[in-house]
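Note that chain A is present in both complexes that follow, paired respectively with chain B and with chain C.
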Partner chain A sequence: MKLKRDDVTQLGILAKLAIDENTINDIKSRLENVLELVNQLQTADTVNIDPMAHPQQGFQALREDQITEENDQKAFQKLSKDVQNGLYLVPKVIE
Partner chain B sequence: MRWDTVIGLEIHVQLSTVTKIFSGASTLFGAKPNSQACAVDLAMPGTLPVLNSKAVDHAIMLGLAIDAEIPSISVFERKNYFYPDLPKGYQTTQLERPVIGKGKIPIVLEDGTIKEIRIHHAHLEEDAGKSLHTGDFDSELSGIDLNRAGIPLIEIVTEPDLSSATEAVIFAKKLHSLVTSLGICDGRMAEGSLRFDVNVSVRPNGTNELGTRTETKNLNSFKFMEEAILLEVGRQIDILENGGSVIQETRLYNGETKTGYSMRSKEEANDYRYFPCPDLLPVAITASHLKKIRQTLPELPDERSTRLVADYGIGKSEANLLAVTKELSEYFETVAITSKNANQAANWTLGELMSRLNAANLPIIESPVSAEELGILIRRICDDTISGKIAKQVLDAIWKGEGTTDVIIKERDLKQLTDTKALNKIVTSVISDNPKMVSDFINADPQRRKKKLGGLMGQIMKRSKGQADPKRANDLLSHKLHQIINGEGN
Partner chain C sequence: MHDMSIASQIKALKTREFSSAELTQHYLDRIKRLNPILNALITVTEEKALDSAKKADRALNGDNNNELCGIPIVHKDIFCTQGVRTSCGSKMLNDFVPPYDATVVKNLAEAGTIMLGKANMDEFAMGSSNETSFYGSVKNPWDISRVPGGSSGGSAAAVAARMTPAATATDTGGSIRQPAALCGVTGLKPTYGLISRWGMIAFASSLDQGGPIARTAEDCAILLNAMASFDHRDSTSLRLPEKNYKDGINRPISGCKIGIPKEYFTGSLNPNVEATVFDMLKVLTDLGAKLVDISLPNTKLSVPSYYVIAPAEASANLARFDGIRYGHRCENPKSLEDLYCRSRAEGFGEEVQRRILIGTYCLSAGYHDAYYRKAQQVRNLIKQDFTKSFSKVDVIVSPTCPAPAFKFGEKSDDPVKMYLEDIYTIATNLAGLPGMSIPCGFVDQNPVGFQLIGDYLQETRILNIAHCIQRETDWHKLSPEEPS
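Right after this comes the complex of A and B.
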């Protein structure tokens, strides 16, 4: 599958990555290689194969419903840029 | 044109576990913001989820209670979307292989018929945090409280089997009764423990093709749910009758202003890029574990209702009402046993007591009148110590903490007047003081005499301050009036 230069620019916007004009061609050809690999995988016949839920064999271990966490709020909130009355403050996003 | 309404529900049930679904942080309601958000809930790098066994067991209990398929393997997936109250950038949920498959919940409609509502599936997932858009901070900012992030939820998805707002509310109440009876949810709707999303569409009466539906999200009371559905049905019919078309959209309902509005300005196809969560292995549910959980299932509302009818001989509709919660049916049973009159016990519990509890907004377990005391009160009606009317006064006094049944009756001299001599005196005086009413009775045709008799009985009850034994007084009055008719003098 061939990509356009605009596709790469658009991907950069979606991924919030600044893409240097000079690297677009290089990124474009590398992404095309990835897509080629995907195409190759698509040709495999999987009709009678159950989707794999997890690469490791085995099942989820469960834990007891007991409180094991202490309140480390102070330590966590030191990592935050903006905190008030215990709330993490973020730029307003209202859908 | 006549229209049919088609409703499907998605219900989020907060599970009453002590800790979160994937971390050992507390789920206690009402804690200070972010005091119950640990490294896992905050999506700190390097943390991994470990599934809470209680959340899985609660899901199994629900599955068994709704007669659902419970597959031996279920898988968690990531639902990717960006929002500040979702620290990981995805919600851990289930899609392709949910923990509960197809099931059904029967409901009793208003006319007494039973309708089976099909459950499409139910799955386990984590709740998101809370965004506060106003507060003691810059209006350009939002405050995020992640205490709720990671609280276990079961999302139940019904088929579009409900045909009116009333049916939807009956179903919602049944589900509330079911999850609280199972003990898997505290049922506190005001705290968001049970939240309903309603999918509504309309179609011309008698047609089969579904109309375009809208989804109204996050309704947290039965009343709001009913109002929101009625409003949305009306809105859709208006649009269609005016030649327009309904837009598929997500809507919100404001219970205070009684208005609905669109949540998203334009329709967008969500691409959540679901994929199996690599941090969690598939969950296995063995046949022996299922059997173990089945043995621990408590009595469910439908079973309880059947038992109340069988054990106490009360009517099915009363039994259904009493069986809604374990607490209410236990209360009734104590009243029935103490009073030795189950029908009166059902009537007084559902009538006088419930209306007082509802007015005071109290749950049955906080009733100021104990079940034993109500039982004794009913016994005093049945043994003719007091009349039903006086009993209501006594109930009010017990409610206010002014004493017990027998003490109140004695201290206030409320004992029913059963003495024939005393009653005779009252009856005679009422007859002689109300010649017009007496002649009306005599001149009335036999069918209408009953009503005329009632007027005189009212006078007797008034004169005796409500204490005359109504049955005896009635007998005496009839006897005397017939003596007059037959010319036997008074």
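Right after this comes the complex of A and C.
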């Protein structure tokens, strides 16, 4: 499985990871090795086999739609580097 | 004290042979001496531990019925601990101090255990050698030039070096069993859903499962009693009747049918590891168990299937680390996009970034069916292999790993080589089955692990067989010489 340099750049954009230009070739070759391993899947005969997403296929625990947790906003926002009036601050989005 | 099993320590605490404060101080002293060499713990919670031990002693002097009251424990740094940094082995969470306890931590605290500290681990549990930790590698106590396994390498090394009698751990593709094998201790990965994942930092949600690492199967059963619970906060938590996992642990195993999968005894398996596993099979037959040849034909596809499903789930789970609400944030972001991309690139290590990229690739438009759907279909085939086998046998046994602990750097340059380390453990996670590793001998002075896989919710059965083996063998009693 061969990737192009642009594929790695595009993956970085999709995954929100800044990729250093100088490391692209190295990342590309290691990803290719992993994809070669993963491509062994294509040898499997999976006609009429349902995909298994989860060990508890089809099971989902449900509960009453009631509020059971306290609002811990202050405790959780203490973890952020930048909070004002209960809001998370981010760099300017609209110029 | 540190050479006693938890079962023996419980008796000694009850008869006041020593107090929990004395036991805790003893382990803290060992941690002080050994951790600078082994790097098994990221954080030591000395003050908190001594305070909890005093409370436990007061409870033990009263009418406390909690079996684990006063027993020290180490938590893998993937479990959130209120007021104590939980780094998950990552720079991303270097400053993260959770405002709540994971359910596993809460359950064990309520049972009276004493937290000694937080165990080192591969970053976000992604690794089989502990070399991906932001805090540096853990050293294998049997040979400090070798890896302890991963991702729960700190938990396994701390138990092996007698820095703690027990540790919590997690297993997504072998991360309890493989380090337990490489460090010569006992580790149990329960059935998916038996132990709550709430407060356990997510890697691959359909595969992640917490479990105990200790010295003996009996100790693991005692720990499982406290760790397993239904949790309404985890939608995959199983609601089961209360059970004592120690019940039936002494049951004779005569007539028990043990499956030997032929696919686990080929290819890259080290012949000396194979020989130690065969010695263990002899112990089983001497106890009256019957060996049955079975086939798990899709075994070779378990690693490829896992390396689509786990990175795909990881790429989604780790999207939450955006540099805004918590975790590492880059300096002077030029824009929101720049904040996201640089915070994540700076906060995540190389292996974590690689898995996010693989997961993103496999889930991207045009590749979803070829990779993700195909991997899920293969996952079903793997599960069907086990279902067929468990109609013929009670448990399945195999080596835990193809070879003993390898040297630092030996596989770190080749991710695929590292991934194949988990060839015998991954299928169990894909199917959601319980599995454990117990010590079964040595190859060139390095421990070897023996894996037992049970059918769904058959923890008692594998604990029973492991306990019967440990009554006949001494491998689990051996400890490494103290490194200096």
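Criterion: the second predicted complex is superposed on the first by the 59 of 95 C-alpha atoms of A that agree within 3 Å, B and C clash if a C-alpha of one lies under 4 Å from a C-alpha of the other, contacts with A are read in each partner's own complex, and residues count from 1 in each chain.
The definition used in the following text is that a residue touches a chain if its C-beta (ideal position, glycine included) is under 8 Å from a C-beta of that chain, and two chains touch if they have at least 3 such contacts.
Model, not experiment: these values are computed from the prediction.
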| item | value |
| --- | --- |
| Which of chain B and chain C A:Asp50 touches, first, second, both or neither | second |
| Touch count on chain A, higher of chain B and chain C | C |
| Touching partner for A:Asn85 - first (chain B), second (chain C), both, neither | first |
| First, second, both or neither for A:Gln42, with chain B first and chain C second | second |
| Partner chain in contact with A:Lys16 - chain B first, chain C second, else both or neither | second |
| Partner chain(s) touched by A:Asn71 [first = chain B, second = chain C, both, neither] | first |
| Touched partner set for A:Val93, first chain B, second chain C, both or neither | both |
| Partner chain in contact with A:Gln60 - chain B first, chain C second, else both or neither | both |
| Doubly contacted residues of chain A, that is, touched by chain B and again by chain C | 51, 53-56, 59-61, 63, 68, 72, 76-77, 82, 88, 90-93 |
| Residue ranges of chain A touching chain C (in the complex, touch as defined) | 7-8, 11-12, 14-19, 27, 30-31, 33-44, 46, 49-56, 59-61, 63, 68, 72, 75-82, 88, 90-93 |
| Parts of chain B lying in touch with chain A, wherever the complex brings them together | 17-19, 23-26, 32-39, 42, 44, 50-56, 73, 75, 83-84, 96-97, 131-133, 135-146, 263-264, 276, 278, 280-284 |
| Contact footprint of chain A on chain C as seen in their complex | 96-97, 99-100, 192-193, 206, 232, 235-239, 298, 300-301, 303-305, 307-308, 315, 319, 322, 324-326, 329, 333-342, 344-345, 348, 353-354, 356-358, 360-362, 364, 370-371, 373-381, 383, 414-416, 419, 431-432 |
| Interface residues, chain A side, partner chain B - complex | 51, 53-56, 58-69, 71-73, 76-77, 82, 84-95 |
